[in-house]
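Each in C-alpha cells, the structures are laid out below.
Below, subunit A partners subunit B and then partners subunit C, in two separate complexes.
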Partner chain A sequence: MTTLMEIKDLKVGPDNNQINSILDNISFQVKQGETLAVVGESGCGKSMTALSIMGLLPQNIKLSSGSIIFDGKDLTSFTTKKMNQIRGKDMAMIFQEPLTSLNPSFTIGNQIAEVFKYHTNYNAAEIKKRSIEVLQKVKIPDPEEKLKAYPHELSGGMRQRVMIAMALACNPKILIADEPTTALDVTIQAQILDLILELQKDFNMSVVMITHDLGVVAETCQRAIVMYAGQIVEEGKVEDIFEQPLHPYTRGLMLSAPRLGSPKEKLHVIDGMVPDRENMPKGCRFNPRCEFATDKCFESEPKLEEIQEGRRVRCWNKLL
Partner chain B sequence: MFKFIFRRLLVTLPTMFLTISIIFFGLRILPGDPAVAMLGDNATPAAVEALREEMGLNEPLWKQYLAYLGDIVQADFGESFISGESVSAQLFAVFPDTLNLTFFGIIFGCVIGIPLGIISALKRNTKIDNFLRFISIIGLSVPPFLLGIYMILAFSLKMAIFPSMGTGEGFLNQIYYLILPSLTIGLILSASVMRYTRSSMLDEINQDYIRTAWAKGIPEKLVIYKHVLRNTLIPVVTVIGLQMTGLLSGAVITESIFSRPGLGSLAIGAITTRDFPVLQGCLVLFAIAVMVVNLLVDISYSIINPRIRPS
Partner chain C sequence: MEQVIIENEKEDLMVVQELKKHFPIKNGVFGKTTGEVKAVDGVSFTVKKGETFSIVGESGCGKSTVGMSLLRLTEPTSGKIIFNEENMLDKNRNELRDLRKNIQIIFQDTYSSLNPKHTIKKIISEPLVINRKMTNEEMETRVLELLDLVGLGPHHLYRYPHEFSGGQRQRIGIARALALNPQLIVCDEPVSALDVSIQSQILNLLEELQKKFNLTYIFISHDLSVVEHISDRVAVMYLGRIVEMGSREEVFQNPQHPYTKALMSSVPIADPKLKDKKQRIILTGDVPSPKNPPKGCHFHTRCPFKTEKCAEIYPEYKEIKGDHKAACHII
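Our next item is the complex of A and B:
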C-alpha cells in the first residue's frame, strides 16, 4: 500500500509554553485506502492531532516543529490560502460535536453548496443536483426538502450525516473522523459507522478514525495507534494489538473494554489519572499507573521503537 | 409571522396600560400646582381656585383618571393648559423630528461601532485593539450633553462646518442640520455597539461551526463575513433594542442642546409650566415609541436568527 500522508515528529503546544507540549513527537503514516484508528483516553491529544493535520488548531495553540507530508507536499509550510485549496477537497474532517458543528443561521443547502462553490466549477443548478446526491449518499430522507432545513430542525444523527455529506462532497483522499459517534445514541452510532465504511469503499479514501471505543476499532479499522499523554505508545495491526498488546497501557485498555460473553466478569480499571501537562512524571509518562514499572521506567523515557515492520511500542518492559 | 406580531402586540397591551397609569399618577404626585404655575405666584387664591375648576383639577382623581384613559384610547391627549392647543397636534408636529434624530443616531452608531468592533476583534490584544477599547471607554463615560457641547464647539464654532441649532428647510438641508446632533447620539451609541460587536465576535470565532467552515476550505473572508458576522450581529441588534429607551432620552437631551424641536424640547417646556396634558402626551408617546421599537427589534431578531423564527 502506498503512503498517502506522513506525519513526522509533530510537536504542538500552547503558544506561551513550549516545554509542556500537548503533542510530543507524533509520527505516523496513513496508507492509501486504509482505516487507521487513533485510540486513547480523553485528553491524550487525539483531537489535537487531527486539528494539526487540518491546520485548524485553536488560536492559542501552535505547531512548533514537525512536518505533515501530504501528496508530496509539507502542509506545515502552507499559507491559509493554500490550505483552503486542500481542506474540504482532498482532506476533510468530521467532528466530535455534531450538534454544534453546523452554523445555526444558514440552511443545510447553503452550507453544503459552499463546498462545491469553492472547490468545483459547478453552476447553481449543478450544485443543487450534486447537493441532493450527497444527501442521498448519506441516506438522508427527502434530501430536496432537507436542503431548506435549518440545523436545529434536524436530529443529532441527521446533523452528523449532513457533516459527512459535506465532508465527502468533493471525494476527499482522506477523511479524519474525530469520534464521529461519541455524542450519538448507540443505535445511531452503528448506522453512522457503517455509513462511513461504506462510503470509504465507494470513494477508496483513507480514514483516520479517532475513538476511545475499542469496539469501534475492532470492527472498523485495519491499523491502530494508541496514544497516551500526548505521545504514541503503541502502533500495529488491529488484530496484533488485540491479540498481543505490547504496552501495559494498551493491555489495560483491552482489559477495561467490556466484552460480550463474559458479562459477569468485573472490568479492569487502569488505576490513577492521566498526568497533567505541568507535572509530567520523569521517565516514562505512564509509570505512576503501570503495574510493570521498574526503576528504569522512573529514570529515563523510553523511545518509540520499531520491533517489527509496522509494529512500534514505547516501553522498557514490553509484554512480549 | 403575522400571528407572531399579533401575539406580541397582545402581550404589549397590559404593559402599555400600566405605563399609562403610572404616568398619570406619577404626575399628580409631583409637587407644584399647574394653576399656580400658570397664574404666577402673586395670583389670588380665588383666581387659582377658579382656574383649577376650569382645568378639571377639582374632580376626584379617579374621575380624572377614567377621563384620561378614555381620551387616550381615542388618541386625544386634551388641550395644553398653557396655549390651549390640541396636544395631539403638537405631538404629531414634533415627533418626526425626534424619530429622525434617533434613527440617524442609530445609523451612525452602527456604521461606526460595528466595523470598529470587527477590527477590534480580528486584531484582538494588539495596539489597535487596545486603542479602540480605550476610546470606547471614553465614549461610554461621556454624557450626551457634554459631547453635544463639544461637537458644537468644534464643528460649528471653530470649523463652522455644521450649524449648531435649528432644523433647516427642505429635505437635504434638514439632513445637513441633522448630522451634528445625530452624530452626537451615534458616537455615544457606537461605543457600546463596538464593545458588544467585539465580544460577540470573539465568542463566535471559537464556535464549533466556525471550525467547520474553516474545515471546508472556504476563503477566510467568507468565514469571517458570512459565518462569523451573521451570528455576531444577533446580540448586537438585541443590545441596540435594549438601549432604545436610553437612545430616545439621549435624543431628548440632544434636542435641547441643539435647540431642535422634538418630543424632548416639548416635554422640558411642559415640565417647567406644569402643563400636565402636554407632559402626559409626551410621556405616553415616548412609552409607545419604546414599545413599538422593541417589537421591531424582536421582528428583526427573528429574521436574522432562524432558531426563533415562528414557522
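Our next item is the complex of A and C:
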C-alpha cells in the first residue's frame, strides 16, 4: 500500500508558550485505502490531530513545528486559499454532532450545493442532479424531497448521513471522521459505520476514524494509534494491539471497558485521571496512573520506539 | 436449586403497575392541546430488595421519564408506584418528602445537577439540612464520612463543582444521594458522560456501595455492555413500552424479542477476532416519533420478521422461562 499522508513531528500548542504543547511530536502515516483508528480519551489530543490535518485549528492555537505531507505536498506551507481548494475536495471531515455542524437556517440542498459551487463548474441543473445522487449514495430515502428539508427536520442518523454526503460529494482521497457515531444510538451507529465502510470501498479512500470506543476500532479499522496526553503511546495493526497491547495504558483501557458477553466480575481500574497540560508529570506522562511504573519512568521520558515494522510503543517497561 | 429459592424469596421493594406518562402537545395562541406524546405507555415491573434492575433502550424510548416518574419528579399520568407497600401517587407533598428520603437519584450530567454556586459541603449536606435535625459538627462529620465513602477527602470540602473533573463530580452526586441512607437509588445514565477509564472507577464504586449498604439500584442506561455488567435483572424499552424483561443471563444469553436481538448485535465488540463471525442484524430506518407511534406492535416498522398481525394488534407478554418475558407475536 502506498502512503497517502505522512505526518512528521507535529507540534501544536497555544501561541504564547512553547513548553506545554497540546500535541507532542505526533508522527504517523495514512496509507491508501486503509482505515486508521486514532483512539484515546477526552483531552488526549485526538481531535486536535484531526483539526491540524484539516488546517482548522482554533485561532489561539498554532502549529509550531512539523509537516503534513499529503499527495507529495506539505500542507503546513499552504495558504488559506490553497487549503480551501483541497478541503472538501481531496480531503473531507465529518464531525461528532451533525446538528451543530450543519447550518440550521439553510436547507440540506443548499448546503450540499455549496460544495459543488466551490469545487466544480456545474450549472444549477447538474448540481441538483449530483446532489440527489450523493444523497442516494448515503441511502437517504426520498432524496429529492429531502433537499428541501432543514436540518432540524431530520433525525440524528439522517443528519449524519447528510454530513457524509457533503463530505463525499467531490470524491475525496481521505475522510477524517471525528467520533462520527458517538452522538447516535447503537442501532443507528451500526447503520452509519456500515455505510462509511461501504463507501470507503466504493471510493477507495482512506479513512481516519477518531474514536474513544474500542468496539468501533475492532470492528471497522485495520490499524490503530493510541494517544495519551498529547502523545502517541502505541501504534500497530488492530489485531496485534488487541491480541497483545504493549503499553500499560492500552492494556488498562481494554480491561476497564465492560464487554458484552463477558462474565460479571470486578472491572479493572486505571487509577487517577488524565493529567492537565499545566502540570505534566516528569518522565513518562502516564507514570502516576501506571501499575508497572519503575524509578526510570519518573526520571526520563521514553521515546516512541519501533519494535517491529509498523508496531511502535512509548514505554520503558513494555508488556512483552 | 437452593439459590433459586432464596432469590424468589427476596422481598419486593418497588412495584410499578401500568405506569403512564403522556405529555400534552400544545399549539396555537390559546395553547390548545392537539395531541399527546406517549413517553411512557403502560410500564409494569417489580424491583426486589438489594438487586440492580436495569432499564435499557435508545434515546426517546422513555427510560428517563420512567426514572423521573418513580420519584414523582415528573407527575405520572396514571398507574401505580408501590414503594414499601405504599402507593407513592396517593401521597401529598409532606408525605412524599418523607418517602423520598428512601429514594434518591443520580443524574447523567454532573454539570447541571450540582449547583455551581455551592461548595461541596453545602451540596452534600443539603439533604441533611432538610430531613435531619443535626448540629453543625454532626453534619460536618457526616459529610466527611460520605466523602470518604466515595473516595474524596476532607480537602475537597470547601471547593466548588467546577474545580472537579467529571468523574469526581459524579462521586459528589453519589455522596449526596447516600446522605440519608436511602434504600433505593435511581441511576440515570450515571457513567454515560465519562471516559472509559473513569467509567470503570464509578461502576466499581457503585457496586461496592451496594454491597456495603444493601442498596437497590434502578439503573437506566443506553449502554448494553455496562448494563450487562451491573444488572441482576433487565428490562428493554422501545417507544414507551417494555418489550422484553428478565434476568440478566436470560435476556443477554437468550434474547427473544427481535428488537433486543438487533440491539445486541449492533453493539461493536472490542475483539477483532469476532469481527467476521458475528451475525449482525442491522435495522433499517429510525425510531418512530412517540407523538404518533405505529399501530399494533410499535416495532413493526423496523422489524425484519414482521407479519400482518404485527401491524394490527399490540402483542401480549409471553413467558419464556421463569420471569423472562417478551412482547412479540412471532416467539
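Keep this in mind: the second predicted complex is superposed on the first by the 319 of 320 C-alpha atoms of A that agree within 3 Å, B and C clash if a C-alpha of one lies under 4 Å from a C-alpha of the other, contacts with A are read in each partner's own complex, and residues count from 1 in each chain.
Basically, a residue touches a chain if its C-beta (ideal position, glycine included) is under 8 Å from a C-beta of that chain, and two chains touch if they have at least 3 such contacts.
Keep in mind it's a predicted model, so treat the numbers as computed, not measured.
Asker: Between subunit B and subunit C, positioned on subunit A by superposition, is the outcome a clash or a fit?
Answerer: After superposition on subunit A, which the two structures share, subunit B sits beside subunit C with no clash.
Asker: For A:S64, select first, second, both or neither according to whether it touches subunit B, subunit C, the two together, or no partner.
Answerer: neither
Asker: May I ask you to decide whether A:S300 touches subunit B, subunit C, both, or neither, giving the answer as first, second, both or neither?
Answerer: Once the two structures are laid over each other on A, A:S300 reaches no partner at all.
Asker: Tell me which partner A:D185 touches in the superposition: subunit B (first), subunit C (second), both or neither.
Answerer: After superposing on A, A:D185 lies in contact with subunit C but is clear of subunit B.
Asker: So which one touches more of the residues on subunit A, subunit B or subunit C?
Answerer: If we count touched residues of subunit A for both partners, the winner is C.
Asker: Touch check for A:M273: first (subunit B), second (subunit C), both, or neither?
Answerer: A:M273 contacts subunit C only, not subunit B.
Asker: So, A:E239: does it touch subunit B (first), subunit C (second), both, or neither?
Answerer: second
Asker: Could you state the shortest Cα distance, in Å, between subunit B and subunit C after the structures are superposed?
Answerer: Comparing every C-alpha of subunit B with every C-alpha of subunit C, the smallest gap is 6 Å.
Asker: Report the residues of subunit C in contact with subunit A in the complex, numbered from low to high.
Answerer: Listed in rising order, the residues of subunit C that touch subunit A are 58-59, 165, 167, 195-201, 203-204, 207, 222, 224-226, 228-229, 248, 252, 262-275, 280, 282-284, 286-287.
Asker: Along subunit A, where are the residues that touch subunit B in the complex?
Answerer: Those in contact with subunit B are residues 54, 56, 58-59, 80-81, 83-89, 92-93, 95, 97, 100-106, 114-115, 117-119, 150, 152, 163, 166-167.
Asker: Touching residues of subunit B toward subunit A in the complex: what are they?
Answerer: Listed in rising order, the residues of subunit B that touch subunit A are 205-220, 222, 226-227, 230-231, 234, 304-307.
Asker: Which residues of subunit A touch subunit C in their complex?
Answerer: Within the complex, subunit A contacts subunit C at residues 41-42, 155, 157-158, 185-191, 193-194, 212-220, 238-239, 242, 252-254, 256-262, 264, 266-271, 273-274.
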